[in-house]
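As written, the chains take the letters A, B, C, D and E, and residue 1 is the first residue of each chain.
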Amino acid sequence: MDLATIIGIVLGMVLILMAILLGGELGLFVDVVSILIVLGGGTCAVMIRFGLKDLTNAFKVAGNAFKDKTAPLGELIDKIEELATLARKEGLLALERVSFDDLFLQKGINYLVDGADSEQLQTLLYTDLANTGSRHENGSKIFAGLGDAFPAFGMIGTLVGLVNMLANMDDPASIGPAMATALLTTLYGSVLANLISLPIADKLSLRAEQERARKNLIIEGLLGIQKGENPKILREFLETYMPPVERKKDE
Amino acid sequence: MDLATIIGIVLGMVLILMAILLGGELGLFVDVVSILIVLGGGTCAVMIRFGLKDLTNAFKVAGNAFKDKTAPLGELIDKIEELATLARKEGLLALERVSFDDLFLQKGINYLVDGADSEQLQTLLYTDLANTGSRHENGSKIFAGLGDAFPAFGMIGTLVGLVNMLANMDDPASIGPAMATALLTTLYGSVLANLISLPIADKLSLRAEQERARKNLIIEGLLGIQKGENPKILREFLETYMPPVERKKDE
Amino acid sequence: MDLATIIGIVLGMVLILMAILLGGELGLFVDVVSILIVLGGGTCAVMIRFGLKDLTNAFKVAGNAFKDKTAPLGELIDKIEELATLARKEGLLALERVSFDDLFLQKGINYLVDGADSEQLQTLLYTDLANTGSRHENGSKIFAGLGDAFPAFGMIGTLVGLVNMLANMDDPASIGPAMATALLTTLYGSVLANLISLPIADKLSLRAEQERARKNLIIEGLLGIQKGENPKILREFLETYMPPVERKKDE
Amino acid sequence: MDLATIIGIVLGMVLILMAILLGGELGLFVDVVSILIVLGGGTCAVMIRFGLKDLTNAFKVAGNAFKDKTAPLGELIDKIEELATLARKEGLLALERVSFDDLFLQKGINYLVDGADSEQLQTLLYTDLANTGSRHENGSKIFAGLGDAFPAFGMIGTLVGLVNMLANMDDPASIGPAMATALLTTLYGSVLANLISLPIADKLSLRAEQERARKNLIIEGLLGIQKGENPKILREFLETYMPPVERKKDE
Amino acid sequence: MDLATIIGIVLGMVLILMAILLGGELGLFVDVVSILIVLGGGTCAVMIRFGLKDLTNAFKVAGNAFKDKTAPLGELIDKIEELATLARKEGLLALERVSFDDLFLQKGINYLVDGADSEQLQTLLYTDLANTGSRHENGSKIFAGLGDAFPAFGMIGTLVGLVNMLANMDDPASIGPAMATALLTTLYGSVLANLISLPIADKLSLRAEQERARKNLIIEGLLGIQKGENPKILREFLETYMPPVERKKDE
């Protein structure tokens, strides 16, 4: 579970609720039509941009913003050092006996065992590296798109409300409440963008980056194993890919 | 038909209409002069930027945002595997007998059959790749330009209305309706930009990207066929260009 | 004549005038001091940025936004094919007898005839290519700068007017007209930026790009002539630089 | 101590306090709920983006914005010249006897002494260079994120306040104070972003850049030492990495 | 003297003064506290970002925005042609007798005379080229930072004023003047950013670019002299670095 995402959204909502309840009553801030305009309109705009399939996928991928499933890089480096030691002692074919959770590592080891040369290995794995991560990237773009579209439709809703209010200014008593309702769509648009869509877009983009960094480290490790590098030196080299703080902990 | 584009625009308009009708009457929101200023002014600004021919082309190209004509990459890879098998068995010249819907693939096969070497093939096809897609890109830029210009002319219209209203504030009763009308251009500008122009610009840019990805895959496939690569390995390599989800389905 | 630029500006102004006249009278919208602040202030800001000489040049170059002088790429390719045929038949020196309107083509042919080798030719022409186009680019940057500065000075003018109005609120009757006048600078800034400066900046940038594409095509053509390439193949290669639509027409 | 950061923040706060006290009383400007919404909401949004661990790290790293610990480049160049002289006279192994505060320099010297060749040295050190600095960069991104999120939650707080005020406009006397409170969140968001978060983000990014420049200079120095370059010439070359002003002082 | 900078700032101020005096009196627009908040607050924010030393340097460098000291490129090319002729006739050592105002040219000639080979020459001069210009760039960034910070503190000042005014709305007569004062900081921030800081930032960035172009031309010239190139051909090659207009004048 990615606690940060859940705590962030829940706590953010609680803070906004607190502001509402301390100054008035919740009922004033709930308006179904306003919610429909902002949520629906923003989603429509993004649907045109990316198509139905990508939009649906994005919501599936968004689940990843709530999960924290990346195993630490340190464990991966341990594993690669182990494989390098095994390969040095018993040859590359010995790697066939080991199995992995990580699909990308498995794939690379399969190429190694099948006798792909260094150049083939790089071509195959870097092409894969360049083309994956795109699902997360795509999800990130769609949430960033929602983060653009929600405030825009918030403003459109407010403009509709203002025009209606201004055209019917006969009853001064109704001006205040009418304008309050008009502002609701702007409020919804701003909360949906700044507390939900934009942060999730950034989290998904971070996930894509982590995935790429991880795959890069795996490729470097596999090339080192193939060259029969000294496992200790290979480990030291791979550790330069980790932030210095985490590195220290391992020692 | 690209349903997402059509549903997105229609549903978005319905939501805005709903907001209008629940709060007042449609007549308040229709003003021909305001529409002329925003639509006309925005189009004028974009016409200066890109010229008449490009503007007209953009509207033709925009049709593509409503059509979904890209055949799935999976089918293309099947086709290339088939060609690779044929070329291996009966030689490159055998490819002459096959014909294709895809003009770019046809062109590449023609070069292959005509005996272009690997370097020539790459030069010719990559230059073509670099230069096409530009029609979609151009259309995308023009719609993005409209997405900039419509809100600007919306604001210009509102300023004109405000100046007129402020200079004639003798009759307080007329202030409300005059200001309501003044705000209409801002509303039009915002809807035209955020529901129509900007999403279509993004969709056209996505189409250009898909076209480029497709051509790239074709070039890689043709180079593999020319080298006489094993069709299975070629297939596996080309599949790294597909998102992992779609890849799985094939298996 | 680049009709798009002229029609765009004139029609845009007509639309704004129409909005003005339908809602009030033109006199309300003309204020010499306001015009001086926006036009003068914006020009001052840009003068500091780029200097007097560049500013003056920019206005000269801006004329190009109103002229459409680029000969179609198709004609240029015809010319190059012709030269390639001549060079093949009678040798490179025969090119000396031909003369050209296009100064860049002339220059390249001169180098060819003088016996520059392929590397020298590329160095000389690509350096020229990298350094020209800068006049248009410079003009484009200056108009983009004006497009930034006009709205800023529009806002400054409005703030000055608002402060004056607010400090003298004794006579309620004068508030409306004073505020109307204050808004005029914002209106001027917005029209000058969105209808004139920014579109012209983009048009000049497009011209620079077209010039670069043209020179690139000429360089590729000259290199092909030097290598003694088959004129038909050279033509086909150069045509990949044209948008597919225009290409079709030639055939 | 980085005096600039401390003076900047303290003096900035004093100026704002002065403005407050000259126009009213401090009590008007302190509202705990408003502070909670802006500080809490903004932090929640950033927590979703980057996760708890990165957020906590960012506050630790932020301490660096208040410390000025980078030794001048001039001293580093003196050190490298000394090492180059030593290595020339007594061989690379003599460097083993020297010890350094700078961990990166120490690491590079160790590689040198261990007999790494020029290519290995570059691979190891440049990979380290590319991967470090990321802690500062990460801290910088998080503060930039706060600089985005604080004004957004400032606006959200103001919208909540406005809706509450507008819905209860019965008592005209309460409008002013209610609106004053509503504006407080916007004020907080603006001060937190423009006086604290964004400047600290830039300072951390500057620190990362300085660290990179320093490591780059060390790598160039080590490569020069390995090649046995003349210490004077090496010094002159390394000094091109310093701003000319500082260079002059050394002479 | 860079007349454009001086005229731009003076004339811009005159225009704003004119707008003030035609609509009211100067006294309304001068408020020492407001000036302190905007100037002081903006400077504090930038001080945190860049540190005291860089801020002080930036004001020194800013003087360059008011000086026009770059000798025309034409003269530099004349000088290089002369040196090339001398070197061809009497050998590279003859260059030792010539002396130059331009420090960079002097330095390059010294390397030439000292017998540096082509590669050394390029390494030394391009490293210098990459590292200088940074003083101007730094000054430019700091003024761009001020251009961001002044409007932000203008807004902060206005918010403080508005909160004070709204909390004390008992006396309607005081509302106008209080709001007028509140708006002053926004006005100051806008003028300081758009008439002073941002244009000076751009001018300094232009100066950095000109310096880089000049040094680039000098490096190309020195490499040509070293290779013993024909002075005429060298001249023609160097002239491609000049804008075509200026080139024409020389002929």
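One rule holds in what follows: a contact is a pair of C-beta atoms (placed from the backbone, for glycine too) under 8 Å apart; a residue touches a chain by one contact, two chains touch by 3 or more.
Remember, predicted model here, so these are calculated numbers, not experimental data.
The copies subunit C and subunit E differ by a rotation of 70 degrees on their C-alpha atoms, rounded to the nearest 5.
Mean C-alpha positions place subunit C and subunit D at a centre distance of 41 Å.
Averaged C-alpha coordinates put the centre of subunit D at 25 Å from the centre of subunit E.
Touching two or more other chains at once is no residue of subunit A. Each chain touches its neighbours in a single ring, whose members, counted from subunit B through subunit C onward, are B, C, E, D, A. Across the interface of their complex, subunit A is touched by residues 33-34, 36-37, 40-41, 44-52, 55, 57, 123-124, 127-128, 131-132, 134-135, 145, 149, 152-153, 155-157, 159-164, 166-169 of subunit D.
Across the complex, subunit E is touched by residues 2-5, 7-9, 11-12, 15-16, 18-20, 22-24, 28-29, 65, 68, 175-177, 179-180, 183-184, 186-187, 190-191, 193-195, 198-200, 202-203, 206, 237, 240-245 of subunit D.
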